[in-house]
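Each of the next two complexes has chain A plus one more chain, namely chain B in the first and chain C in the second.
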Partner chain A sequence: MNYVINRVIYLLAVFVIAVSGIFVLVNNMPGDPAYGLAVSIAQQRNMQIEQALEIARSMMGIDPDESLLTRYGKFMSNLLKGNLGYSAFYNTSVNDIISKSLPWTIFVISLATLLSFVVGIFLGALAAQKRGTVIEWIISTVSSIIQAIPPFILAVLILFVFSVTLRLLPLGGAYPVDVEPSFSFEFIYKMFLHALGPMLATAIPQMASWTLAMRGNTSQVMEEDFIRFAEIRGLRDSVIAKKYIRNNAVLPLVASLAIGVGYMLGGHTLVESIFNYPGIGFYFGKAIAVRDFGLLTGLFTLIVIGVIAATFIADFVYSLIDPRVKLK
Partner chain B sequence: MNSLIKVENLRAVYLVREGTIKAADGISFDVQENSVTAIVGESASGKSTIIEAMTRTLPPNGRLLEGKVLYKGKDLLALKKEEFRRIKWKEIALVPQAAQQSLNPTMKIIDHFKDTIEAHRINWNHDQLIQKASEKLEMVRLNPDAVLYSYPMQLSGGMKQRVLIALALLLDPEVLILDEPTSALDVLTQAYIVQLLKELKKKLNITLIFVTHDIAIAAELADKVAVIYAGNIVEYNSVFRIFKNPLHPYTKGLLGSIMAINADMSKIKPIPGAPPSLLTPPSGCRFHPRCEHAMDICKKEKPPLITVEDGAQVACHLYSQGGRKDA
Partner chain C sequence: MTKESLTNFYHDYIHPLFRNKKSLIGLIILLMYILMATVGASVVPLNMNSNFAERYQKPSLKHPFGTDYFGVDIFQQIVHGSRAVISLTLLASFLAVLIGTIVGVARGYLEGIAGKIIDVIIMVFLVIPSFPALLILSAIFMDKDLNVLQIALLVAIWLWAPLAKQISAQVLSIKTRDFIEASKILNMPLRYILFNDIVKLLIPYIFINFVMQIKGAMEFSVGLMFLGLAKFDPTHWGIMLNYALYQAGALYTTQGFHYLFFVILNIVLLIYGGILLSQGIEEIFNPRVRGNE
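Moving on to the complex of A and B:
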């Protein structure tokens, strides 16, 4: 239990530092954070930019006379209340945007995590156990190449081949515009179809990483003395492969699962933009493009929370399954 | 007396980039039923190789070139894989050298016992398993209630070594082979394990073969001692004879350098030179570059292990008449 408390304190500290960091960064960016919104207001309402700036500031809750420290206090207290700020571009609260977009990202990332991990573990273990054969060579070589491909390039490729040329996959969105969301088979099928492109673009490079990591861990574990002793005791190869090799090789990967998810989230931002998939990444991309600092800060905070939560869960799961950690 | 195991001309090598390491070069010896045999030699002399070749547990780059291991008349090395699997552990159990990492770190001790009986298709129910495992753990003076549900990392080195011995005893084998059962342990734990093995030898009808580089431990436990030098048995005799009247120049040197510990320091006579490379071992008698009695023939011909007076066995040209090859 002590271990859990330690981790909670540690992760809280990471959270505060990361979020404060982004606050300082955004508030020291050249230019007025309200400027972008002010320009569009000025154009729409045909008014002076000074006036528009004031309106923009009040919409975003910015008081130029406030010190940075007061603003920081406000920002943090809002955060504690669960208020992630205001999007000038969409003219709505960041929480609103998140509640619309987060489910889609969670949906795709969960599928991508599951697929990449399970397939990666399987292929990696297979490659290690077929050491020196063509199978190992193919798995390793292909994985090394794929691992190096950035997800957004894969996204463009998938979009071009499967959506544009072969027309097997939809062009964008989370579901067809002409279908009402419902729990019908039709809708759910379409939903998966729309998620497939972004999911594969994100999952495939990650799958290759898991494959290589698992291959490395497996061949390392296969050299261990306890494998030899299991063979000496006459244990069957299938038992050794599962209980002795795989279980010991997978453990460290479970620990880095969170890092993998964080990594995927990073690459996934661009992928969603390319597929026009309305998840967090899509809005993140938009926020950067239109310099919507409120949205940017809010979404960044959310991603930090996501990565920290993933780390915590992974730590916890790891401590449950690895006796060596549990006992510390 | 009956010999339970008869090793005949065992030759094994390791393939490495530079060539072959001739680590067991024609090993022959008999092991009597219910006796204790010690295989003694310096580090890298090939002790583990002999054990691994006998039990078909050579590492992947190891190759068995020739030889027989007759156990109750059957050649273990010629048995089909499945047949050998049935004998292994049930009749012949082996605790390998690297005992400290020989337990699965993610499994409790009890599961190691469980996997072992399942591998041999033994139908004990859970209670029977606990009872049997506890019995063996008590035999090595471990508290079963504490140990069975521990993970390996919770046990000390000496405890792990004893768990391995208990695991080896689980199916009541006739032969127990231990490779360096004491070498990774501190002196007190070493003495404790030796004490335990002595007890086991008294309590059980078991044939023990153990490897050690510590000749004092051999003296304490063994009935017979095989002295290994550079992949060969140079002398194979009763422990009494080895210490009282060693025959081979290497054995003499080995004892000379050890006896000195509790004797006059000025009498220390270390063997000059260093053990040879097994990649390119010396011709003839592999000991000849270091031997003060070396003769011409020693460089040309390998001395076979011959039986001299009282059934003592030695591989040295000094003992084959007139320095000629054994008639």
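Moving on to the complex of A and C:
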């Protein structure tokens, strides 16, 4: 129990410092946070931008003379109430945007994680057991080449090949604009089709790293004494491969699964922007472009919460599945 | 360094690199690009003048990689861009490894409250999503004319933390070994224990990580240039990638496909060289991961 309390205090300190750092960084970006809203007001009401800026500032509750410290205080007290701030550009609360966009991101990330983990474990174990054969060479070489492709370039390539050239996948969005969301078969099918591009762009690099990690772990486990002993005992090869080797090699990977999901939240920005997929990464890219400081800080905070929660979960999962690890 | 220690260094660290297939190929690829950046850039001329009569030419003897939408030779741009790409990538990797090693050794060695504080700092950099944070930080400095070292530092700030965490774990396990106790009892100065006992043991590990950082440093710097968030050499491959995609509209016409293709090919091949070299080094120093020979 002492361990848990220590850990919570530690992670809380990390959270407060990380979020404060982000707040300072974002608020030092050049550009006027009220500018985005002012432009849309000026367009709607047909007025001068200076006038619109004043209206925008008063609507957003921004006092241009307010010090950074006062704004920081407001941000923190809002955060305590579970309010992640206000988006100037979309003229709504950050919580609203998150509840609209986070489900799409989670949908894509969980599909990508599931696919990449299952395929990666299978290919990695296969490569290690077929050591020295063509199969191993192909699996490791292809995985290494995939790792050399930066994820956003892969996203561009997928968009180019499947959406532009072959026209198999849609060019953007989470579902067609002319279809009402429903539980009909057609809608669900279209939804999967729209998620496929960002999903592949996220899953393929992940798959390569799971494959290489699993191959490494499997070859290490295969050298252990208890495997030799199992062979001497005359157990069937298939039993040894599944129960003795695979299960032991997967253990450390299951723990990093949670952390991987946390990091994917942050790494999804460019992929969603390239596919115009309306998840949190898309709004993040938009927020940078229009200098929406409130939205940026709120989304950063959300991702940091996600990563910290994932780290915490990973520690617990590891102690649950591996009896040798005791929480200190 | 004496002659003998140089020979030993060659025998222990350099010679095995030539005998492992992966590290040899990786070294050849990296050397090829280093040659391109040093010799190539001074031999190959760069003519950035637009020549509309020759736009979107397919690869030929005259234009090995073809020409872009202004009729400028792509090969020349790749060669000259390699200078910016290589210097930025190597500098950023070096800085990331330097910061990661110093912070990691300090965290592993220090006890009590100082160690805890460093631990929290490392963790802060681990939980902040690095690429988005890099984008914000670069936007802050976007109006300033930054030199290579400054941009490399911006990139390195978001790369060092995972390395520092791993190094601190290594130092923690080395610290409990007998010879460190012996040095302490002999009242050796802290400097001696840190550099002669601890860092020396970590050298192969640090070297692998330097090569592995190439991937991250390339991805980050190309991504940064691609988004146009840092002013730099117009032939940097990230900026070329941006032009190939958006200015030339390679996404919408098949005409400009070779432009996009050659830029991506060079980015991927350079990173692949780094990955192969690091895989090779890992096999040499950690024989258990060795695959087929």
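Convention: the second predicted complex is superposed on the first by the 266 of 328 C-alpha atoms of A that agree within 3 Å, B and C clash if a C-alpha of one lies under 4 Å from a C-alpha of the other, contacts with A are read in each partner's own complex, and residues count from 1 in each chain.
Keep in mind that, in the parts below, a contact is a pair of C-beta atoms (placed from the backbone, for glycine too) under 8 Å apart; a residue touches a chain by one contact, two chains touch by 3 or more.
Small disclaimer: the values here were computed from a predicted structure and weren't measured.
*Asks:* Determine, for the superposed arrangement built on chain A, whether chain B and chain C clash or fit.
*Replies:* After superposition on chain A, chain B vs chain C: fit, no clash.
*Asks:* Examine A:56 and indicate which partner it touches, taking first as chain B and second as chain C; both and neither are also allowed.
*Replies:* neither
*Asks:* Should A:14 be classified as contacting the first partner (chain B), the second (chain C), both, or neither?
*Replies:* It touches chain C, and chain B stays clear.
*Asks:* Is A:207 touching anything from chain B or chain C once the two structures are fitted on A? First, second, both or neither.
*Replies:* Once the two structures are laid over each other on A, A:207 reaches no partner at all.
*Asks:* Thinking of the overlay built on chain A, is A:266 touched by chain B (first), by chain C (second), by both, or by neither?
*Replies:* second
*Asks:* Have a look and say if chain B or chain C is in touch with more residues of chain A.
*Replies:* Chain A has more residues touched by C than by the other partner.
*Asks:* Is A:303 contacted by the first partner chain B, the second partner chain C, both or neither?
*Replies:* In the superposition, A:303 touches chain C alone.
*Asks:* After superposition on the shared chain, which partner residues are touched by A:137: those of chain B (first), chain C (second), both, or neither?
*Replies:* second
*Asks:* Could you tell me if A:224 is touching chain B, chain C, both of them or neither one (first, second, both, neither)?
*Replies:* A:224 contacts chain B only, not chain C.
*Asks:* Centred on chain A, what angle do chain B and chain C make, from Cα centres, as a multiple of 10°?
*Replies:* Angle at the centre of chain A: 70 degrees.
*Asks:* So, A:258: does it touch chain B (first), chain C (second), both, or neither?
*Replies:* A:258: touches no partner chain.
*Asks:* Looking at A:125, would you say it contacts chain B, chain C, both, or neither? Reply first, second, both or neither.
*Replies:* Neither partner.
*Asks:* So after superposition, what is the minimum Cα distance from chain B to chain C, given in Å?
*Replies:* Minimum C-alpha separation, chain B to chain C, in the superposed model is 12 Å.
*Asks:* Provide the residue numbers of chain A that touch chain B in the complex, in ascending order.
*Replies:* Against chain B, chain A makes touches at 224-226, 228-236, 239, 243-244, 247-248, 251, 321-324, 327.
*Asks:* Can you name the residues of chain A that touch chain C in the complex?
*Replies:* My answer: residues 10-11, 13-15, 17-18, 21-22, 25-26, 28-30, 127, 131-133, 136-137, 140, 144-145, 147-153, 156-157, 159-160, 164-165, 215-216, 219-220, 223, 263, 265-267, 269-270, 284, 288, 296, 300, 303-304, 307-308, 311.
*Asks:* In the complex of these two chains, what residues of chain B are touching chain A?
*Replies:* On the chain B side, the touching residues are 55, 57, 85, 88-89, 94, 96, 98, 100-108, 115-116, 118-120, 151, 153-154, 164, 167.
*Asks:* Using the touch rule from the top, collect the residues of chain C that touch chain A in their complex.
*Replies:* 119-121, 123-124, 126-133, 135-137, 139-140, 142-143, 215, 218-219, 222-223, 226, 241, 245, 250-252, 254, 260, 264, 267-269, 271-272, 275-276, 279, 288-293
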